[in-house]
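In the part that follows, the structures are each spelled out as structure tokens.
Here come two complexes built around chain A, the first alongside chain B, the second alongside chain C.
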Partner chain A sequence: MTTICFEDVEVSQDIPSLFKGPMTTAHIMRWSAAMENWHPIHFDWRFATEQHKLPDVIVNGSWKQHVMLQLVADWAGETGWLWKIRFQFRGMNVPGDTLEAWGRVVAKHDRHPFGVVDLQIGLKNQKGDDGTPGSASVVLPKRNGPAVPYPFDPRVLGPQKG
Partner chain B sequence: MTEFSQAEMERQLAALIGPVGEPVSMAVELGAVRRMAVAVDDFDPIHYDEAAAHKRGFRGIVAPWPLLWSWFFNCTEYHLDIEFGKATVHGQDEYEFREPLIVGDVITVTTTIMAARLKQGRTGPLGQVEAERRFTNQHGQLCAVLKTTLFRR
Partner chain C sequence: MKNHVTDDVRAIIGAQSSWNEATNAVEASEVRRFFQAIIDPKPVYWDEDQAKETRYGGTIAPPAFAVHAFRRGTDETIDPLDAGLDPEFDGVSRALRPGLPSVPIALPRVLNGGYEYELFSYPRVGDRIKCRSTYRDIYQRDGKTGPMVFIVIEDEYATADGRPLLKSLNTMIMR
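Our next item is the complex of A and B:
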């Protein structure tokens, strides 16, 4: 796992993508079982397609959230803290989809003694459709600065400059 | 389908604002944590190995954050009492993370409807409902806040 400091990050840089799939019904069922989410749109093809008029059984929204959390947490590394993350549900994903979780740095905020980095994130399928756009804020240590405390309390952040 | 006036739709939405039900509690189970991490091929050892989690500074094995939804599926029994419209759509989730859910923790969630308003959608009136769930552990620490935006149309 990487270790990054606030000073290492540049606005407009891409973070390493995370690839998943091709998705199968096994992925969906394993997640549903762990989550104990037994909504039939995730396992009953007839219910999903006939009653809900969906194209297939669909990938759980929370599964997609975890993938994007994994994307950002992996990038933040052991010394960063994934503070906030937001997702919109605009498109569905179905078995057969190959997914790329991606992220890009869009802003940096010096919140001495720490730094906060804002990212734009998304989850594209093999057609390039981004059905789960979102954003995230990560707290990073500064070089030669204190470690980001755990548990994280946003009161440790200095005032926003500018 | 019954037609509702704008005032009646606004009244139904305004009536939703406030606490929803009683706080509910549930333990963080090792099996669920492991199954969730495996299901997304997340092999970070903090989700499996207590020693590895301790080494990284955590109190114990760390649950994937979306385990928060288990409290929704298992513990919270409520529905939005909205008579107008045909369907409720899950539009957006926003998380704030403070303290991870650790295997063995007992997490309590409280749910509140923070705002509900009537907007004009592309195809007609659109109810927008903002729910906030606050998750605390047995030590009284705030673990996470989950804000969800639902649309009724």
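Our next item is the complex of A and C:
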């Protein structure tokens, strides 16, 4: 687990990607069973392709979100805090896809005594289709500054400058 | 294009559920199946000795675990899979949250458009998770493939003893 200070981060830097897959119908079934999600588009090929006109059974958006959360939470580490994250399920993923969750720093905000870093994030398949565009904000400690409190309360953030 | 956001639909914007508690407290085996399914086997999810040394004070569940903590109740006698025997059933429930009215729109498909989360803390094994849901907005956009209705649902998750977990804005799309 990494320990990152606000000062260590530069705008336009990439964060380490996370890879999953190749995805199989069993991955989808394992998640659906754990979640008790019985929607047939995730396990019934005929229902998915004939009734819903989908290319195949599809990987749950609910599963993909946890890959995005893992990407950013792992980067924030045990001293930072994944404060906000958003993503849209625009593109579908199907069995056979290999997925890369990626992130790039797009902005830094001094919220003394802490820092907030904004990221652009996405989930790309092996063809380069980026079907889950999103963004995230991570709270980081400053060097020699106080630890980010847990549980996190956004009221600890100082006013945004600029 | 037909307007699906009728007065009946508009009337449920702002509807808020009461706080509902998850069927069961967070269980270690449920957390295990969860992190194995998302392929994220970090020790903080299962190794109590190691997790004790972290800011969490013990093992935790993955960040947005609470979003999936609400399962079929033990006293719910209607089996949701019975609907599968109905040839008219399209595999879609329009009752989007417990304690909120169904969305009276007859469009055949319901898709999950995405989430926006604000996180405050992570669940621990033994926590009882509660949730309160609100229809924040319902609006229609007409696209090339026909009308799409966006339903924005806010969910506030906390532990039963009042520790905030996360706030979610979920956009469901009917089309």
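The rule is simple: the second predicted complex is superposed on the first by the 162 of 162 C-alpha atoms of A that agree within 3 Å, B and C clash if a C-alpha of one lies under 4 Å from a C-alpha of the other, contacts with A are read in each partner's own complex, and residues count from 1 in each chain.
Here is the rule we use: a contact is a pair of C-beta atoms (placed from the backbone, for glycine too) under 8 Å apart; a residue touches a chain by one contact, two chains touch by 3 or more.
Note that the structure is a prediction, hence the values are computed from the model and not measured.
Undergrad: After the overlay on chain A, what do you see for chain B versus chain C, clash or fit?
TA: clash
Undergrad: Which partner does A:Pro40 contact after superposing on A: first (chain B), second (chain C), both, neither?
TA: A:Pro40 contacts chain C only, not chain B.
Undergrad: Once chain A of both complexes is superposed, is A:Asp153 in touch with chain B (first), chain C (second), both, or neither?
TA: both
Undergrad: One more residue to check, A:Arg143. First (chain B), second (chain C), both or neither?
TA: After superposing on A, A:Arg143 lies clear of both chain B and chain C.
Undergrad: Quick one: classify A:Phe87 as touching chain B (first), chain C (second), both or neither.
TA: After superposing on A, A:Phe87 lies in contact with both chain B and chain C.
Undergrad: If you stack the two complexes on chain A, which partner ends up touching A:His112: first (chain B), second (chain C), both, or neither?
TA: neither
Undergrad: Do chain B and chain C touch any of the same residues on chain A, and if so, which?
TA: Touching chain B and chain C on chain A: residues 20, 27, 30-31, 34-36, 38, 61-63, 65-67, 69-70, 73, 78, 81-89, 150-153.
Undergrad: Would you mind writing out the residues of chain A in touch with chain B in their complex?
TA: Per the touch definition, chain A meets chain B at residues 1, 20, 27, 30-31, 33-38, 61-63, 65-67, 69-70, 73-74, 78, 81-89, 150-153.
Undergrad: Which positions of chain A touch chain C when the two form their complex?
TA: 20, 27, 30-31, 34-36, 38-41, 47, 51-52, 61-63, 65-67, 69-70, 73, 78, 81-89, 134, 147, 150-154
Undergrad: Touching residues of chain B toward chain A in the complex: what are they?
TA: Of all residues in chain B, those touching chain A are 32, 35-36, 38-42, 44, 56-58, 64-67, 69-70, 73-74, 89-99, 141.
Undergrad: Touching residues of chain C toward chain A in the complex: what are they?
TA: For chain C paired with chain A, touching residues are 30, 33-34, 36-40, 54-56, 62-64, 67-68, 71-72, 80-81, 84, 90-92, 109, 111-121, 163-164, 171.
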